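The next part holds the structures, each set out as C-alpha cells.
Consider the two complexes below, in which chain A is the common component and chain B and chain C are the respective partners.
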Partner chain A sequence: MATVQVSEAEKVYILHGIRDDLRVDGRGCEDYRHMEVETDVVSNTDGSAKVTLGHTAVLVGVKAEIGKPKPMIPNEGYLEFFVDCSANATPEFEGRGGEELGTELSNTLYKVFNNQHSLDLRSLCISPGEHCWVLYVDVLVSSSLQGHLSIT
Partner chain B sequence: MPTDTKRVRGPDVSQSPFLFWSRPAEVLPSHEPRADGRQRDQVDVRPVFVRCGLVSQAKGSAYIEAGNTKVLCCVYGPRETERKDETDMKSGRLTTDMRFAPFSCPERGSWIQGSQDKDFSLMLQESLQPAVCLHRYPRSQIEVNVMVLENSGSILAHAITCASMALADAGIEMYDLVLGCSLRQDGGSYVVDPTYPEENSWRSGSGEKRGGLTVAFLPSLNQVSGLQSDGEMAEETLTAGIRTCIEGCYKLYPVIQRALIKAVRRAAPPPAES
Partner chain C sequence: MAVDMRLPTVKNSMSLSVSAAGRKDLVVPGDVITSDTGFMRGHGTYVDEDKLTASVAGEVQRVDKLICVRPLKTRFNGEVGDVVVGRITEVQQKRWKVETNSRLDSVLLLSSVNLPGGELRRRSAEDELTMREYLHEGDLISAEVQSVFSDGALSLHTRSLKYGKLGQGVLVQLSPSLIKRQKTHFHNLPCGASIILGNNGFVWLYPTPRQQEEEAGGFYTSLEPVSLSDREVISRLRNCLLALAAHKVLLYDTSVLYCYESSLQHQVKDILKPDVMEEIVMLTQQKLLEQES
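This part shows the complex of A and B:
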C-alpha cells in the first residue's frame, strides 16, 4: 500500500478524534482489530503459528535441536530468538532496513521469556552439562502496518 | 556474524576458571541484609561521585561513579549529519552508542558490539530523546557515546544520568535532566540500585516476583521517559516499584545539580565584584 504523508490538518483531526474515543477506522480507543491465529502451518518445523491482526501477519516457526547447555546453567535448556522483518512487509525493510527493528523485537522477546513461568527450562535438559534441547524460535514478519510486538 | 580477526583469543571452547571454583552460596536470600550495608525495602541508593568536563576534546563529557560502577560519557555536536539522505529539515537527530569495555564485567566481553549493547543504546536513546530540544538543531546530529569502565550493577540507570549530564555540559538545550534509577525485586522485598551480584543472583532459586526494573525520569516535569523491566512481577509490585525508582531519582537530583553548577562555575567563573 502506498504511504501518503499525513498533513498537519489531518494530524489535528486524528488527535481530536482520539479525544472523543473515535479512531480513523471507526474503532474505539480500546478495540482490537480482527485477529486470526492458526497453528501447525509449516510442516517442516516442530511447531509453528501464524497470527494475523488487521493487515499485519506474523509467521513463527520453532525448531528443536540438541546442543550444549550454557556453561553457567548446566541443567537447563534455552531458547534462541530471531526476528526477520522481510522486505515483503514494507519497502522500508529492504536490505538492512528491517534489521534494527528485528534486533529490537528479538531482544524484547528474550526479555519476555526470561522468567520461570512461561516455559520450564529444566524440562529441556537431557543430561546436565552435556546435552540439552535448544529451541530456535524464528519469526517472520510478512506483511506489516505496524503493531508487530503485540502479535509476536 | 562479524568476528574479531585482529586478536588471538584462544580456542572457542575456552572457559573462565570461575566456573570450576566451588562457589559459596551465591543466592542472597531475601531476608538477609545486603552485602554493602544498605537497607532492603528502602530507597537506599549508593553515594554518587560525578564530575563534568573531563574529556577536553569532546563538546561535553561527564563521569559518574556509584559504588564500583564507573561510566564515562562524551557528547559531540551539534554537527552536520553524516549521511545526507537522513537529514531531517525540521529537527536534529540524537544518536547514542553504549559500549562496555571488555574488562568491565566479570566475564571478559568482546569489542564487537553484541545485541545487549545495541539494546542498551536503543533504551538510552528512547530515554534521552524527549528531554532534548531537537527542534532547535535542524539538519544536525548530536552524538552521545557512553563507555562503561566497570559494571557493578545498575548500569543503564547510571548511563542515563551520565549521558544527560554530558548533554548539559555540552550546552545542548534540554527541557529537563533525565535521571535513571533501577530496582531489583527479590521475592517479597526489593533492593534499590542493585550491585552486580544482586542483579544476577536470581537465576538460582525459583519463585515468583523476581525481576528488575529501570526507570528514566524527568524530575522537574515529573514525567517518565524510559521504562525497562524483565523477570516477572505482579502488577501492583510493578507500579510500586516505579514509584520507588522515582523517589530514588529525586534523591539523586540535588547531587547532579550541584555538580553541574560547579562545572559551569569552573568553565565560566562569575565576574569579580568590583
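This part shows the complex of A and C:
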C-alpha cells in the first residue's frame, strides 16, 4: 500500500479533529462517503452489481452452474470466489502486483460465506451427493486511490 | 449510523454560460490548427505533412507568427515570481528538494531561507548540519520561485516573513490550470480561515492566526488544538474547493468565497455528494456572472 506523506503539524491537526469526531472532509468518524450501487450491469452473468464508494469501484458478477457437491458435505452447494485487482486501479497492480491482495481478499470472502448465517448453503443442493449449485463469484477492482480500497 | 446510497443517474451536462468575449479555440491531440506554412510552431504542436497539428488538449494561442497550444491539464510550469506550496522530499547538502507538482523536483537552497532570528550571515558548516532541524522530509512550505534552471527545475526562496514552514491546516491538491494569477495569493477570508492559493495547484487552508507573529517567519509551528468552529470552516472550504475543481471553475478568493456562502445551507459532509456539488457550483457561477456585469 502506498504511503501518504504528511507533516507533523498536519498529523496533529487530523488527530485533534478525530478526537472531536470531525474528519478533514467534514464527515463524522462513522460516516460513509458517497456510494453508488448499480445492478444487472454484466449481461452474460446470472447476477451482477457495480459499487462505487469514494474512489473505489468494484464490479461483481455471479454465475450459477451445476456441479458435484464436496464429498465431505453432500447436501450443500458451495461458492467459488475470485478477486482480480486490475491494473486499471493503480499502477502497483500491474502484472502480478495485485495478486497478493487478490488472494487475500478471496480467502476473506471464503471465510465470510463459509457459515450458515451468511448464506443457507443447503438451499443450493439439488440432489444430495450428486448435483448441487455452484456459484462462481468474480470480483473486479476497477479503480482505487493508490491501492487503498474503501470497500471490503 | 445512516448510510446514504443511491443508484447512478445520468449526469446532465451543466449549461455553460458562454461569455460574449469570444469563444476559446480548443483543440485535442491530432486536430489540425492550420495548413498555412508561414507560422512558427511553439509548444504543444508538431508538423504532420505540412499541416500544423496539436499534440496536447488545450487552447490555441497565436502571438504574431507563433502558434502554441496551452494544455488544460498539465504539470506546473513555474515562472519567476510564482507563489508555490510544496512538500519537502529530500534533505541534501546545502539544499532541500521540494515536490511542487512540476516535471522535476524544485530546489530550495540553504542560502535562500531566512535563518532564525532574521540574522544575515554567511551559512556555516554548522548550519548545514542543522538543516534537518528546520525542514525535514514531509514538511510543507510556502515559497516563491526565484529562478528557473536550464533543465526546467525551479529554484525557490522563502526570503520573506510571509513564506516559510506551514503549521496546522489542510492541503488540497488540484490542477495548476485552475488557479487564477493574481496580485496576491495569501488571503484571510472573512469566514474565519486563511488560504494560500499556490500557483502549482496546491492550496493550503489554515486557521487565521490570532496575532500576527512578526518574529516567527515560519519557524515555530504551533501544535495547539484548533477550535471546532475553525475546523468546520476549513472542512467546508476544502469541500467547496473540490466541488469547484470538479466543475473546472477558476479558483481565486472571490470564487471560493461565493462558493462558501452558497454552501452554507447544506451540511459540510453533504457538499461531497454530486448533486449538491452541482447545485452549489451553479449558484457560485451565477453570482460571479452577476458580479462581472
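Keep this in mind: the second predicted complex is superposed on the first by the 136 of 152 C-alpha atoms of A that agree within 3 Å, B and C clash if a C-alpha of one lies under 4 Å from a C-alpha of the other, contacts with A are read in each partner's own complex, and residues count from 1 in each chain.
We adopt the following convention: a contact is a pair of C-beta atoms (placed from the backbone, for glycine too) under 8 Å apart; a residue touches a chain by one contact, two chains touch by 3 or more.
Everything numeric in this text was worked out from a predicted model, so none of it was measured.
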| item | value |
| --- | --- |
| Fit or clash - chain C, chain B, common chain A | fit |
| Partner chain in contact with A:37 - chain B first, chain C second, else both or neither | second |
| Chain B versus chain C as contact partner of A:8, first or second or both or neither | second |
| After the two structures are overlaid on chain A, angle v-u-w for chain B, chain A, chain C in degrees (C-alpha centres, nearest 10) | 110 |
| If touched residues of chain A are counted for chain B and for chain C, the larger one | C |
| Touched partner set for A:126, first chain B, second chain C, both or neither | neither |
| Partner chain in contact with A:117 - chain B first, chain C second, else both or neither | first |
| Chain B versus chain C as contact partner of A:18, first or second or both or neither | neither |
| Touching partner for A:106 - first (chain B), second (chain C), both, neither | first |
| Touching partner for A:73 - first (chain B), second (chain C), both, neither | first |
| Shortest CA-CA distance in Å separating chain B from chain C in the superposed model | 12 |
| Chain A to chain C touching residues, read off their complex | 5-10, 12-13, 16-17, 20, 22-28, 30-38, 52 |
| Of chain C, residues touching chain A in the complex | 1, 3-8, 87, 89, 137-140, 166-171, 221, 223, 225-226, 228, 231-232, 235-236, 238-239, 267-269, 271-274 |
| Footprint of chain A on chain B - complex, ascending | 15, 19, 115-116, 118-119, 122, 203, 206-208, 210-211, 229-232 |
| Interfacial residue positions of chain A with respect to chain B in the complex | 71-73, 103-104, 106-107, 111, 114-117 |
